[in-house]
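Okay, so subunit A shows up in both of these, paired with subunit B first and subunit C after.
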Partner chain A sequence: MRATESADADRTYADLGPNETTTRRTERWRGVSALALVAGAAGVLANQPALVVAGTVGIAFAALARAAGPPEIEVALERTVSDADPDPDDSVTVTVDVTNTGESILPDLRLIDGVPPALDVASGSPRFGTALRPGESATLSYDVTATRGNHAFEPALAVARDVSGTAERARRVRADATPIACVPSLKSAGELPLRAQTTGQPGRVLTEIGGSGVAFHTTREYRPGDPLSRIDWNGLAKTGELATVDFREERAASVVLLIDAREEAYRAPGPDAESAVERSVRAAGALYDALTDEENRVGIAALSPEPCWLAPGAGTAHRARVRELLATHPALAPTPPDAPFYPSIRARRLRRRLPDDAQLVVCSPLCDDTIVRLLQRFDSAGHRVTVVSPDPTSEATPGRRLAGIERRLRLSTLRSASIPALDWRDEPLATALARAGGSV
Partner chain B sequence: MTATATPPIDDTPARTSTGLALAASLAGTLALAVSTVSLAFGGLGFVLVGLGLVRGWRSAVTLGGAGLFCGVVLAGLVGAPASVVVFATATTVVAWDIATFGIDVGEELGREADTRRLELVHAGASVMTAAIPAVVGMVLFRTAGGGTALVPIALLCGAVVLVVVLRP
Partner chain C sequence: MSWGRRLGLVLGLALVAGGLAVAVAPELGSGIRPNTAVLTGTGIAALVLAGMAVRARLNATDRRPDLPAAERSQSHATPGEAFDRQLAAMASPGQLHSVRDRRQVRDRLEATAVAVLVRDGLAEDAARDALANGTWTNDPHAAAFFADDPGADVSLTTQLRRSLSLEPTITRRAHHAIDALARRAEQR
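And then the complex of A and B:
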């Protein structure tokens, strides 16, 4: 009676593809016939027929195990979710109906549902064990907590064994289910001071261009045609010379919110904490809201293996597209990308797409030096850069403290290159923006 | 956020199987009360099975099953009644089967999962598999009346028939 079973079916069958089937023998009854023979032999030698009779029990189990064949897995799964379009942190109930569509009994059926990787199970269990007669169904249900993103279910793993538990067949079973799409609303968190790079349109970004406005800029010699309201009458009374006051013009900016979604940016202070990408996406949504409120045109781009680009714009339709993109674009998925990221190629493509007068607001945890070099290059190429950096470091271990110091050094590198960088620590974005005040 | 496909589960042995296996091994131990030595082995086996079920140790359960089996052989050697020996053997095998199954289900599906039906069906099948040969053996043993070599021969024939019938 030796057990040679492996621990977790999900790990054993990690490589099993969708709709693939595999069989194995667990050999859990190996040795039982030897014990039966020991009992029988002892009975014969000691002239005790009772032991020989007892040995038959062992023989019966050995025979059952030897005759075992893996049962056919013919099951149909039907998955329903209580709310396919939930708000963040809502609880969504997932119900899976499993039906034995085959001809034979499934005495031992174990089911592990393919919960979307980024969702946490709040209550209940996505695992289920049952026995099903032909045509019979059973139901499994559990709750998940919704987070931002488009969450597709993976095929469920079904493992069936024969009645003795010796022969096993495993199969990934697909179930058509609506993915859970959780699209957070864009909530403004506060104002981010922009760089003085603007378009020709009137707006609210103070520029260094003299003209009409509110904030004083310079006085200059009067030129015919200057509006009467801007003539420096006090100066005329004092010196007798005619001069015109120039104010700083207020114009609109064209902003591209660039989200760092490379694998390096998927860092979090703890295993259950929000990743820096998640915070960056949230920040981008909040900044989009605040910046478009001030009549700027705002676009979205991501630094990621998967291209992600939405040209600067404004208006209701653009806002809806931004909301959808931030929630469900694969480049901003809650799980890190597998494909490699080539910084120079992606940067070149992005530069080609950027409007000439666009400035960049970059949301990046600054977890490596590549991003710092990249941003400096963008800045010197004429796209003014502002950085909002969610802090994914913690003080828990010496290694993490070191990573925190390296990140602070990168922040000061950017600042010494006169790129404003906002360090967003473990606090609401509004607090970080308010702490930075007018000057990031 | 770390993205793991399998969130951690409480992998302690499943409840129903734990209860049934403890009951079966206790019944086996009590049946071994025919002699002190066999009862000692049976008690040791019961404790080991219990420990294995609490901690999820498969080897402890197997050692416990071996302890119970030694108790059965000793009881048989000192001439315990056939019904007692056969009953103790059956409960030993069933206890080991249900206990290792419970550990297995606990590790694979976790305690939060609904596995009641799976466990009950397995326990029922296990009891039936043990009961049928035990009852048939006992009936043969009683009708043969002891003394002759009829019982072993009949059992041997039965085993051959069983293997032939079950051969896939």
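And then the complex of A and C:
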């Protein structure tokens, strides 16, 4: 790509595009002419030639500053990572080799590596200052802590100054590197009671359909062919009439775990806390594990500008696909999307894909009213909804307390529409599920 | 560089070179007779220029561009931050947007208050009446935020304490209203 050049000093270096270059004057020697003039004036007025001569030193520096130009940045970066496929919380060492590929010396080169935005630097520094002769190389290295996601590196920022430090040129420099892909395993976190919307397959979701099972449903008139084990013998002894006991049938459900990954869901109770989307993704993984263990077919979808859909299924291959999708799908990226989200369009597309008998388990922080209306529409359209809501609110300021009240009101609105909603506070999901005690 | 500046630079360099030459070999300047008036004028002009340069230096803003914060991962917003900003803007009467912010803050708080009271079993009209009459809470500051006649039940002591407080009345009332709503919301 051809480098483009601009000299807008008001722009931040963070706004520079890849391979874009900008120059500016550092104003390091600004004011030296004032010193020179004061010295000269004092020398003339006090009739002290030595002072006038001393003033010329300042003049020399001012002239040098005026004449200086920033050096061209022609550097090549080579970035390597110690582990491109780490587990969560693993430390990954990033090593960057920088080589001066130009023909002039770089007397003052500063480099800030493009650390992926969702990763924290654990030790070392991604900033580096050096001087490089043509062909010479230098190395910097630092450690990052791996978190869920596919973390691509951004272009590094190189800033070079001339010898006097008066003028500098900045450039974003690309370096090819394997992204760090961290794919957490799926860990079950407890049972979530599902709605009584099931498929025809046997499973473990209690339905309101009478038949064989364990939980009592009704007693009905005996029909020829009913199994002997379900005949109400006590009733026969008392009344002399034959009756059959029906139990609630247990069937399998088709569940789609829907993750709210709109920009509005990337909220956290503090600057260092994980976002509600991160917690939702973790919850989806845990629920997938628990629900498929109970013989349900489970799929994944996201409410986000980027389409994300995996049809309900089960089995080892499906599980591997879910694990990969939850970790690396762009719709579930650790950083919020830039593109706008159109609720009606996305909801219509999702409804077209949902199997008729599928119910939804939605992971959403419920930070706005749009999501509540969407969920009510899904529920009334025949896809029973259960909500698991990670709480991103805090009590620290009046505004945050107000947002907390509004969120509690949204939970109440859903519950009053017979949509079970689990308020998942700052606790493990298993604790929240246990606190709900089998009834969300 | 403009022609004027270029000419000035050449003249300046020539004078500096001449001055240094005389300083090194004083016999070169034997023909020059120092005129006190010219020297004083030159000194004063240099002082004036130095003053201008110092002033320009002091007035210069720091235009260092922001560098990317590479060490920390991107942090996420907390729900309610925008409302806190609006509350802060509302408290500064000099700001252009304070009237709009005031209306938005009031509308949002009122909608939330009505929703909380409706959830507690009041009809919407009754909830609005309770807000207007100030009967929905025991906190006089919270009641005053929505009340039609906010000053009616406030004692002289409270008014005196309020006048000594640095926090603007509207902000204080909003804070109290939010706390009262939070208490009500938590009761259920």
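Here are some notes:
Definition applied: the second predicted complex is superposed on the first by the 390 of 440 C-alpha atoms of A that agree within 3 Å, B and C clash if a C-alpha of one lies under 4 Å from a C-alpha of the other, contacts with A are read in each partner's own complex, and residues count from 1 in each chain.
Following the convention adopted for this analysis, a residue touches a chain if its C-beta (ideal position, glycine included) is under 8 Å from a C-beta of that chain, and two chains touch if they have at least 3 such contacts.
Treat the numbers as computed from the prediction; the structure is a model and nothing was measured.
Contacts of A:A67 after superposition: subunit B is touched, whereas subunit C is not reached. When both complexes are overlaid on chain A, the residue A:P134 reaches neither subunit B nor subunit C.
Judged by the touch definition given at the top, the superposed model places A:R407 against subunit C, while subunit B stays out of reach. In the superposed model, A:P398 lies in contact with subunit C only, and not with subunit B. Within the superposed three-chain model, A:V163 lies in touch with subunit B and out of touch with subunit C [touch as defined at top]. Of the two partner chains placed by the overlay, only subunit B lies in contact with A:Q48; subunit C stays clear of it. When the two structures are aligned on the shared chain, A:A268 is found in touch with subunit B and with subunit C. Once chain A of one complex is fitted onto chain A of the other, the partner contacts of A:L109 are limited to subunit B, with no touch recorded for subunit C.
Of the two partner chains, subunit B and subunit C are each touched by A:T56. Comparing the two complexes, residues 9-11, 14, 35, 38, 40, 42, 44, 49, 52-53, 56, 59, 112, 115, 117-118, 120-121, 125, 127, 266, 268, 271-273, 275, 334-336 of subunit A contact subunit B in one case and subunit C in the other. Per the touch definition, subunit B reaches subunit A in the complex via residues 1-7, 9, 11, 58-59, 62, 65-66, 69, 72-73, 76-77, 79-82, 84-86, 88-90, 93, 96-97, 100-101, 104-105, 107-110, 112-115, 117-119, 121-122, 125, 129-130, 132-134, 136-138, 140-141, 146, 151-152, 155, 158-159, 162-163, 166-168.
Listing the residues of subunit A that touch subunit C in their complex gives 9-14, 24, 26-27, 30-31, 33-35, 37-38, 40-42, 44-45, 47, 49, 52-53, 56, 59, 112-115, 117-121, 125-127, 147, 157, 170, 266-273, 275, 334-336, 365, 367, 392-394, 396-409, 412.
In the complex of the two chains, the subunit C residues touching subunit A come out as 12, 16, 19-20, 23, 39-40, 42-44, 46-47, 49-50, 53-54, 57, 60, 63-68, 70-87, 108-109, 112, 115-116, 119, 174-175, 178-179, 181-182, 185, 188. Partner subunit B is touched in their complex by these residues of subunit A: 1-3, 5, 7-11, 14, 28, 32, 35, 38-40, 42-44, 46, 48-61, 63-64, 66-69, 107-110, 112, 115, 117-118, 120-121, 124-125, 127-131, 138, 140, 154, 159, 163-165, 266, 268, 271-275, 278, 334-336.
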